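The following pair of complexes shares a single chain, subunit A, combined with subunit B in the former and subunit C in the latter.
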Partner chain A sequence: MMNELLDFILLREANTRYVVAGTVLLGLTAGMLGSFTVLRRRALLGDAIAHAVLPGVCLAFMFTGTKDPFILLVGALISGGLATFFMDVVQRNTKLPPDVVLALVLSVFFGIGIFLLTMIQQSGMAAQTGLDKFLFGQAASMMGRDVVLFGLIGGSVLFILFIFFNPLKLISFDPAFASSVGFHVFRYDALLTALLVAAITVGIQAVGVVLMAALLVTPAVAARYWTEDLRVMMWLAGAFGALSGWLGAFASYYIPGLPTGPCVVVATTFIFATSMFFAPERGVMARWLRHRQTGRRIMRENVLKTLYQLHEEVPEKQLFTLHDISEKRFFVPQELALCLRRLVKEGYVRQAERGYLFQQKGWEEAIRITRLHRLWEVYLAEHLAFPDDHVHADAEAMEHMITPELEEKLRQTLNHPLHDPHASPIPYNNSASTST
Partner chain B sequence: MSMEFEIIFTAVMVATACALVGTFMMLRKITMLADAISHAVLPGIVLAFLLTGSRNVLPMLIGAGLLGLLTTWLTELLRNRGRVNEDAAMGTVFTFLFAVGVILISLFSRQVDLDQDCVLYGEIAYVPLDLETHLGLTLPRAFWQTGGVLLLVVAFVGLGYKELKLCAFDPAYAVSVGISTVVWHYALMSVVSLVTVSSFESVGAILVVALIVAPPATAFLLTDKLRWLLGIAVGIGGLSSVLGYYVAAYYNASIAGGITVVLGALFLIVFLFAPDNGLVIRWQKGRRTPQSVVAEPSR
Partner chain C sequence: MIVSDARRSEGQTIALEVHDLTVAYRDKPVIWGVDFALPERQLAAIVGPNGAGKSTLLKTIMGLITAASGQVRVYDQPLEAVRKEVAYVPQRESVDWDFPTNVLDVVMMGRYGQMGLFSRPGKADREAAMSALEKVGMAEFAKRQISQLSGGQQQRIFLARALAQEARLYLMDEPFAGVDAATEAAILELLQSLRAEGRTVLVVHHDLQTVADYFDYVLMINMRLIADGRMEETFTTENLQKTYGGRLNLLSEVAHLATRHSHILQAEKKPE
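Up next, the complex of A and B:
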């Protein structure tokens, strides 16, 4: 393993060099370009174009009789362009939903391609072998001049992306705004589509029709989890694409018989899954943790407020049992026990032999939350003319959201009220702890 | 029965089933899921081969059907949990599953009697060669298979017509009268998986999509009424199957490819020349309107 890994990393074999360079370049280009199409909500356009180039390839072969990749590429380019033109014309002139138009052009063009391909095969033109490459891709057979071609096309695609970065960014994020300020959305859409056709045409020879579509979607979707900034997203998607290209090339190098293209796709999907779960902020885990944290905070605030109310009812009482708390307010018993354990650990309350006592920190927090609750009740009753018996439920929710700034505003607006609509006193004095 | 008839009859059955489900998919705006499913069922088929070691139809259908549902479910999961746009979610899921399928084929190519060509072209030309006997009748295996699926689709559409119609046109109202759109969505997707998989063998992965999308799309340019839509779609599917066979025979090409060529041609003709919305008619109207506006007051 080590030796093979080294062979691979150091690119000791010429063939490996081409395959790695080709797939990495392809992944980079597709990832960066895909960032725009994914944001533009045209993720499957790449899939359609990739299928639609087939008839062009076949016709180019039938007319010229050669399988010179450059001539086939021209055919593919024309066919892909024609397909996007058809999609546009049909879309503008019928009531068909966009996905139907996409699927229609994709499948019909591809079907015509299959028709022509089988015609060629039956007619016994011996040189047809090269055409299959366009369907499933053959990264393993990549040669020096393929890599040069990838480099050229990839380079020019990226160059154009950078030149037109700002307009493309605008139409990707907010096409409606773009056109409302007199921007030619159509032109830049056409530019994006042209780039897509060019990148796909060269790419499918290496990884095949379906898997080219994956390279245009998956790295970009993965990158979206890590950033809000399009420029960062672009580079990240490019890096993910390149990394998957490298990993796929390695897998097919290490296990003979494993096709490169599908391995690249599996690698990029793995990167996607990792991003989806573990990305900070937008990832599933991060969102779940945030959700849990908010839940815990609300629970903590509710328990402390309940303790405060118990204390308010019987001021001499300092020690509260689980039983007292659940009498006052319903909590799910296990959740209450858990929450109290956390409160003890975090220094809000102290556990004594037969119950719980406020610590300074908990006392202040309890006062704060009770105050917010009652201030909001006053505000609803006085300024929004809520009936007194309707304010409680709303305040239950708002007390957890009110920021210090809002609290200050409330206090000023209400002129530091002393009692809530139910005549309970509003506590202001944080320091007057009774317990510790 | 002649071989010609057997092939055409199978094609018509496949096209009818595809047109029926395709119409509802178009109305529900989930047509691209057909493309996704037709690719994603590949690993299911390969795994069924590997596990049973035979080309038995039932395990294959089950394996592929499960994968079809998995595709739908994963796409929903990425949308809801992962907050990915629907089209991007689909693109991520089906390409991955297809890649897994291709890897499985190449790893176990010795055990799996399934090549990449079969995935693309289908083997409808071999229908007459593969016979099977049930109930004392010896018929091509494809008759039993596609015939069974077609019956099931017809029964599904017949029994669930009202519900499917409501879910397609007015999901909010459907929910309000107690129809579970989720249940019907998954029911429709199960039937779609089944149709896709059973057609897969005869017409290949991508051409199933053509049969699912093109007839309803063409019919939609001619009518708005659901009953007509279904009828015309089935008619177009059937007509394309018959004509496609002869086109393919004439040019000595793949039959499935020939059917698609005809489907595309029919769509183009309707798109250009449809009586109400055709491009040519509208273009002429557009030119004539100013003149008729001038001419009319004098009448």
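Up next, the complex of A and C:
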């Protein structure tokens, strides 16, 4: 195992080099191109074209009797091109929605492809063995000549992507505007489709027609989680694609007979799942953490405000028990206990033997949140003509969102009111603490 | 034709001329024989009920939709010859604001038409984009991700992109839709400064309450052109009724308007 792994990683055998070069190149090309097709909302188009190249491959084989990759590629190109042409014609002349057209062309072409494939397998033609590899891919079967051919095609696809980066970006973001400044959106869509056909044609031997779409869509979607910049997204998608390709090739090399396609899919899916959960900002975890943080902050602000109100009712009272707090406002007991523990830890309040005392930090925060609540109530009542008895609920939510800038505007607009609509005083002075 | 010829004899340059424009979606006409000539240096509004073909008219003028028949001329030339002189602002909702790009990049797209296909944006392009951002008060947002913008900010970015095109004729699809009051005021100010610079602006507008205050020229359409001309002569109760037909809710709006803009109605009553 170790030796084989090293052999593979160090690319000791010529065949390994071809296989790795081929699949990495394919992953890179598909990932980068996929960034555009995903953003242009053409993700399914790749899947449809991938399935649609199969009959072309089969027919090319039946007519020539060889498995020369160049000839099979020509067949794939023609078949993929025909499929896109059909999609376009059907789309223009019927009222069918685009997804129906895609599904139709995909299944019809693929069905014909499987039919032809079965015919070939039963014909007993000498060279027929191995053609079924085109279904799920077999990277290990790639030869040096294939890699050179793929390299040429993949390289051209990337070159064209870079040349037309600006227009492709523009038509992906805002096609109507693109066409208003004189870009022919239809032509660029056709270009994107042509690049798709080319990339898929390269991919059929390595990952197969059935799963090729995974390499076009998944790396791009995974990359989107990590960045807000299209260029970075492209490179990242390319890297994810290349990595998946490499892993797929390795699996296929290590376990002879294992098709590459499914391995590549497993690898991309793993990268995608990791991205979805762990990416900063957009990832599920990050969102969940942010959500929890906001929840904790709101809870903290509510507890501090409640303490302030208790103090307001009986000014000489400095020490508040759990019982006092729950009397004043309902909190889930466990949550309240947890929150108070955090407040103590973060220095908002101090725990004494028989209750809790304000610390300076907590006092200031309590005043701030009470002030925001009451300022907002005044604003609702005075400027939006809310009845006085309806302002509280809205202020309960807004007090947690008002920024310092907005507070300043509120204060100026309202001319520093002294009382809220329920006649409670609005506290302005942060420093006047009763705490010791 | 007659109208535009008459205006031309008054010595006014015509910014946009539309001749007998008909647009159909699969045999169903949406715009029928629309014919008008918009003089330059105007703030013009297109008003009409939902489904009247307002957006379609703009898109057809820009060549985004192929007309069944008719002709569009901009500064007396076919659109293709003067495309760089025309800027189009699509509806804000027409794009995905979660697209991975930043504010400056979007505004820079306004320079693509001038830049040519293969060139990278140069210093002049960057300066034009930044100055456009300043004009809409969004300069400090240049590096902000567009997914973080509010609706009003999105609209300002779209306007900045159009400003970066440095065009003579501006076509805007509902720039006032769904923006806050501050943005509405800022956009209005921007339109007025465009007019002051000698540019012409044609805006699809949905708020009948503000049409008369914001614009000085109006096209009233409901599939066909009901009326067009200077605001005070054209934006009349009678034309509003013709445009909005028997729609009760809108008629009540019209009644409200009639009281609010009584000065216009009085001007209309004056003998010619």
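Keep in mind that, in the parts below, the second predicted complex is superposed on the first by the 402 of 436 C-alpha atoms of A that agree within 3 Å, B and C clash if a C-alpha of one lies under 4 Å from a C-alpha of the other, contacts with A are read in each partner's own complex, and residues count from 1 in each chain.
Assume a contact is a pair of C-beta atoms (placed from the backbone, for glycine too) under 8 Å apart; a residue touches a chain by one contact, two chains touch by 3 or more.
Because the structure is predicted, anything quoted here is derived from the model rather than measured.
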A:P167 touches, of subunit B and subunit C: first, second, both or neither? second
First, second, both or neither for A:V90, with subunit B first and subunit C second: first
Partner chain in contact with A:S179 - subunit B first, subunit C second, else both or neither: second
Intersection of subunit A interface sets (partners subunit B, subunit C): 95, 224
Interfacial residue positions of subunit A with respect to subunit C in the complex: 39, 95, 163-164, 166-167, 169-170, 172-174, 176-183, 224, 227-230, 233
In the complex with subunit A, residue positions of subunit C that touch it: 26, 59, 62-64, 80, 83-84, 86-88, 90, 94-96, 99-102, 106, 109-110, 112-113, 115, 117-118, 145, 147, 161, 165
Of subunit A, residues touching subunit B in the complex: 38, 41-44, 46-47, 51, 90, 93-97, 99-104, 106-119, 122-123, 135-136, 210-211, 213-214, 216-218, 220-221, 224, 257-259, 261-263, 265-266, 269, 272, 276, 282, 284
Subunit B residues within the subunit A interface of the complex: 26, 29-32, 34-35, 39, 78, 81-85, 87-92, 94-96, 98-100, 102-103, 106-107, 109, 116, 120-121, 204, 206-207, 209-210, 212-214, 216-217, 220-221, 248, 251-254, 256-261, 263-264, 267, 271, 277, 279, 282
